[in-house]
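Alright, structures below, take your time with them.
What follows is a pair of complexes built around chain A, which joins chain B in one and chain C in the other.
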Partner chain A sequence: MARAVLLAVVLAALLLVPSLVSPYTLLTYTSALCLALMAQGWNLIGGYTGYAAFGNVAFVGIGAYTTGLLMLSRWHVPFVPALFAAALVSALLATVIGIPVLRLKGHYFAIATLGVAEAFREIASAWDDLTNGATGIDLPVRSDSRFFYYVALALVVGGIVITARLERSKLGYGWVAIREDQDAARMLGIDTTVFKVAAFALSAAFAACAGGIIAYQDIHVAPDDFFKIEYTLQMIIACIIGGTGTVWGPPVGAAVYQLLSTYVWSHFLELHPTVLGVLIILFVVFLPRGLMDLFRRMAAVARGGRFGSDVFLANVRASRLE
Partner chain B sequence: MNGAGNGTPLLDARGITKRFGGLAAVASVDLTIREGEILGVIGPNGAGKTTFVNCITGLDKPTSGTIRFRGKDITRMPSHAIGRLGISRTFQVVRPLTHLTVRDNVAMGAMFGARGKERTVSQARDRAEEVLHRVGLEHRIDHAAADLTISELKRLELARALATDAALLFLDEVMAGLNSTEIVGAMELLRRINRGGVTLFVIEHVMKAIMGISDRVVVLHDGKKIAEGTPQEVVDRPEVAAAYLGERFARRAQVVGKPERVKVQGTLVKAAPPVVEEPLLEVRALSSGYGEVPVLWDVSLEIRKGEVVALVGANGAGKTTLLCTLSQLVKPRSGSISFAGRDLTRARPEEIVRAGIVQVPQGRRLFAGLTVKENLLQGVYLRRDRRQIEEDLESVFELLPRLEERANQLAGRLSGGEQQMCALGRGLMSRPRLLLIDELSLGLAPLVVDHLLDLISRINQRGTAVLLVEQDVQAALEHAHRGYVLETGRMVQSGPAAELLDDPRIRRAYLGM
Partner chain C sequence: MSGAEVGQIAMNALLLSGVLAVVALGFALVWGITNIVNLAHGAFIVIGAYVTFGLHDFWSMDPFLSIPISMAALFALGFLIQRALINQIIRAPLLATFLLTFGLESLIVNLLRFFFRADTRSVMTAYSGAALALGPVRVPYIRLGALGVSILLVLLLAAFLTRSRLGRAIRATGMDVDAARLTGVKVATVYAITFGIGAALAGAAGSLLSMIVPFDPNLGGGYTERAFIICVLGGLGNVVNVLAGAAAYSVVEVVVGSRLPAFSQAITFGMLVLLLAVRPQGIAGKAFS
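Then we have the complex of A and B:
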């Protein structure tokens, strides 16, 4: 009950944000929502399934280009259908790439996905006829920052609902089994290839939606602006801050990351990356299971239960190197 | 014995071979599992038991051979397809889904499981409850798997496999880490599951358990099947005793109690009597283990200055864990370790080496890409005294002239025996006061082993105390002053080596009956 009230208040506040802040500040909120979307996607493959994908930015870029190119095409596809088409194209490409790449494990998978992202950046730079090369493409102008905010908010809310449903589905159970022990999952009769590819494709669709929104808002898509490793890192960091493999972790983590980043940027202009880096390290070391884990423990204490500091500290210790 | 099965073959494996590089981990094994039976599989470390199960369950592809399940060829099937045919297994190291509840862990098995018996998430959760009742974990149903004890985790792993509705279950050491009361409970549970119509293939190091529940037992050794039959038939086979205890001890154990004894053969260098009676290492009530799994309980041990002490015991008894705990590679949970009057219970591994305890690890662990000399010098990187190091190198070469000949050869190119010498030499370079040697003879020919054992005696005569873990029980005890016997993580016996040699309880510690 308290939970439902809290959710309603948060949602109402988020709906009111555009009326309360300046259009410029609203851009920060929209970026946070786009980051949340990417993080939600990464959470499916990286959090639930346990595959450290380091190339999800590829799908942000593919989403941006597909959305833009469809809108610019002779059919002049409207934005929202173009965005969904972009999600579909990304998911299909992720399926094709995932079938071979998801056979790799651990570092090899991470490096392979990193390579995939670089390859797509090169393709976008070189395929002049389609992408206009390094110059990039210009989208129709729409200077309505509220529109982008609401689209992004709707998709993040949709993402939360989808993640929550998946978590209790056979698909979600299968992902967790794969993360915990792939061989055991196989012996339980789970076709791990199918499950992993599904997670990868869905995560690509989320990333593509974020890419499409950013593209239309920025009205320009060029390879170096979209296929950049910062996006990959940010989505992973957002997941870690919030809590990987949880429904609420990625959006909460994205909000906190954006908040920290904005604050640090305005107070430590010169040292911005260093200070942010230190904060991230502190998060990883002291909250390896993310903020959601901390909230859960605090809620347990509020209900008269234990914080479980022994387990909490065990987590902290386990996250440290020898 | 319980329902011995109706004899219809359920699974038939023919000529299963699995090679890793040049090594055949499993070498043309023929094995039939009959419907309704409990088939026990035993064999020393590295016998190929787990690899065999991996081949059957599709986690490893056999190099050659065919596997039929209910007449259907499953040799090249992916494991999830094999799982859906009604074959499931547990894993040696339990890996529960720690963040989920006990119920969800088991539901995972019920959800996917055997073909035609898939369930929805909520049906699977109901089924989980039912299975948890069967294994006696219902009181833990809503707990996080992370809160379970090791014995409960083992039952959880079993429940997950059971929930798949498998007709054939492969159980890989489900009793490891359990205490003797828990083992009795686990045996009863397995019997009950079997009576419920599930055929069981049980790999186990706990001999008492496997001999107690199996209808038939198969013995694997060096990847080959060396015996098959009822538990009693198998234990009486001399080659089985030899595989576990070493050839010579097995022969000796058979004649113990009869007036004529087997004489010690060959002209071996006998260990010198200990120089001083002063204790060097004192271990009191030590317990340790890995993560959730306790391995050692309440172990006490003493080594005096200049003494060679043999540590014997069956596979999985905790010998290597004890050495690793002394080296602090595994942290003690309780108890104390004191060395030369100094408390080392909470020391770091590098402090242990500085204090003078050096481990020669199982399988040698040489740096294959470095030369022999470079490997030896790795043993002294904590030291700064260059002149002394030169002298020590001289003295190692004097003891092991073969190493001097091969000083500039890559360690990876040495023969097995030479590698072991190199590992010993590397240990000696740290000027140990106590050398811990793990499985000296592993994978080596008997003649080489004799030579290495003589070396141990000579190292000892130079004043270094030695704790020797060795598969060949007789050889170890012949070269030691005293011996200790570990059985499922507890010290069950100790005494002068000569007395232990004739003690029938050692054979029991290895073979369970």
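Then we have the complex of A and C:
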């Protein structure tokens, strides 16, 4: 009951944000929502399925280009259908790429996806006829920051609902089984390839939606602005901060990340990526299960449990080299 | 393609493979022994490049003479990072060490950008432009010297790993951590030394690269990727495997670079993905012996 009230209050607050802040500040909120979307997508393949995808930015870029090119095409597709088409195109491409790449394990998968993203950046830079090369394409102008905010918010809320439903579905249980022990999962009769490709394709669709929104809001799509490794990093960091393999982890992590990031931007512009590096290291070492795990433990304390510094050292104790 | 062109391409590939062999050996050693794919390897290379640049700029030290200094500095840094940081979480799932080294890379590269700016630097010496002419094929002296240093480092590493007590302890740890521990090997220290040697080799490669190519703090990322591809091509089996991988990769990079420069990354990674798809476990086994 308390949870339902909390959720209602948070949702009401989020709906009211555009009337409370300046259009410029609203951009920061929209970026946080887009990051949340990307993180929700990454969470499916990286969190639930346990495949360290390091190239999801490819689908942000593909989403941005597909949305933009459809809107500019001679059919002048409106934004929302273009966005859905972009998600579909991304998911299809992810399926084609995923079938060979998802056979790889561990480091090999991670680097292969990193390479796939690089390759897409090069293709976008070099395919002048379609993408206008390094110059990029210009989208129709729409200077209504509320519109972008509400579209992103709707998609993030949809993402939460979808993740929560998937978590308790055959698909979700299959992903977790693959993460814990792929051979055992296969022995249980799970078609691991189909499950993994499904996770990868869904994660691509989320990333494409974020890319499409950012593209329309920025009205310009160029290879280096969209196929940049920072996006991949940010979505993974957001997941780690919030907690991988949880429904609420990615949106919470994205919000916290955006908060920290904006603070660091405004106070130590030069050191921004340095601080990010430190943040990754601190979370990986001390809180690899993220804030959602911390909240759970704090809730347990409120019910009379014990809370010690153990929470932060548990990971080191469990995984250090003696 | 004329004969001279083919000759130049072959020579360029040979000269490139020397430095890439040093880059990849450090990476392969760390991967093979500790099972860490060190994404900060490229950042170590950049530090090495700046050490040589700094010593050359302030004290006019010959870049070749600064190689031992840059190796010593990076050995110390690598040893500390492994000891204080990576050893603490090394038994956590793969994503943890992967992300940790990614964080380190971001940290190092941006600190370098903060202190040295993003300006492109190069180390110019009196002999920078000079080249040996072998018929129609040009061989710059610097690249020749870099190849010589690379060969020396490869031989030293091979001798160290096979002949010395410490080298054998490192290989034993890579083959079986528990058995090595039972024979009295201090695994935490061996891991730190291994990581230190990997970083030192990156430092040497950075010093060599600073003489060959103009660089800025972003130089390293591409070399981490190259090192990974070379390891996949050659395997982590032993020094010879890595050398073969470096040679094969250099030929591809030089040929693709001279024919289709805009798609060089797409083509090399396409090949890598194809290769991995055919042999998902990589080309060779895991142990560095």
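Throughout what follows, the second predicted complex is superposed on the first by the 306 of 322 C-alpha atoms of A that agree within 3 Å, B and C clash if a C-alpha of one lies under 4 Å from a C-alpha of the other, contacts with A are read in each partner's own complex, and residues count from 1 in each chain.
Quick note on the criterion: a contact is a pair of C-beta atoms (placed from the backbone, for glycine too) under 8 Å apart; a residue touches a chain by one contact, two chains touch by 3 or more.
Every value quoted in this text rests on a predicted model; they were computed, and no experiment measured them.
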So, after the overlay on chain A, do chain B and chain C clash or fit? They clash
Practice item. Have a look at where A:114 lands relative to chain B and chain C in the superposition and call it first, second, both or neither. Key: second
Quick one: is A:259 in contact with chain B, with chain C, with both, or with neither? Answer first, second, both or neither. neither
TODO: Check whether A:181 is in contact with chain B, with chain C, with both or with neither, and answer first, second, both or neither.
DONE: first
Note to self: Touch test for A:236: chain B only (first), chain C only (second), both, or neither?
What the structure shows: second
Per residue count on chain A, the busier partner among chain B and chain C is C
Looking at A:11, would you say it contacts chain B, chain C, both, or neither? Reply first, second, both or neither. neither
Check: After superposition on the shared chain, which partner residues are touched by A:161: those of chain B (first), chain C (second), both, or neither?
Finding: neither
Clashing segment of chain B (vs chain C; choices 81-89, 225-233 or 369-377) is 369-377
Check: chain A residues flagged as touching chain B and also chain C none
Interface with chain A, chain C side, in the complex: residues 31, 37, 85, 87-96, 98-100, 102-111, 114, 187-188, 191, 225, 228, 232, 262-266, 268-270, 272-274, 276-277, 280, 282
The chain A residues in contact with chain B across the complex are 168-170, 173-174, 176-177, 180-181, 183-192, 245, 311
The chain B residues in contact with chain A across the complex are 57-59, 78-84, 88-89, 91, 95-100, 104, 107-109, 111-115, 120-121, 146, 160-161, 164
Per the touch rule above, chain A residues touching chain C in the complex are 46, 50, 52, 100-101, 103-108, 110-112, 114-116, 118-119, 121-123, 125-126, 233, 236, 240, 270-274, 276-281, 284-285, 288, 315-316, 318-322
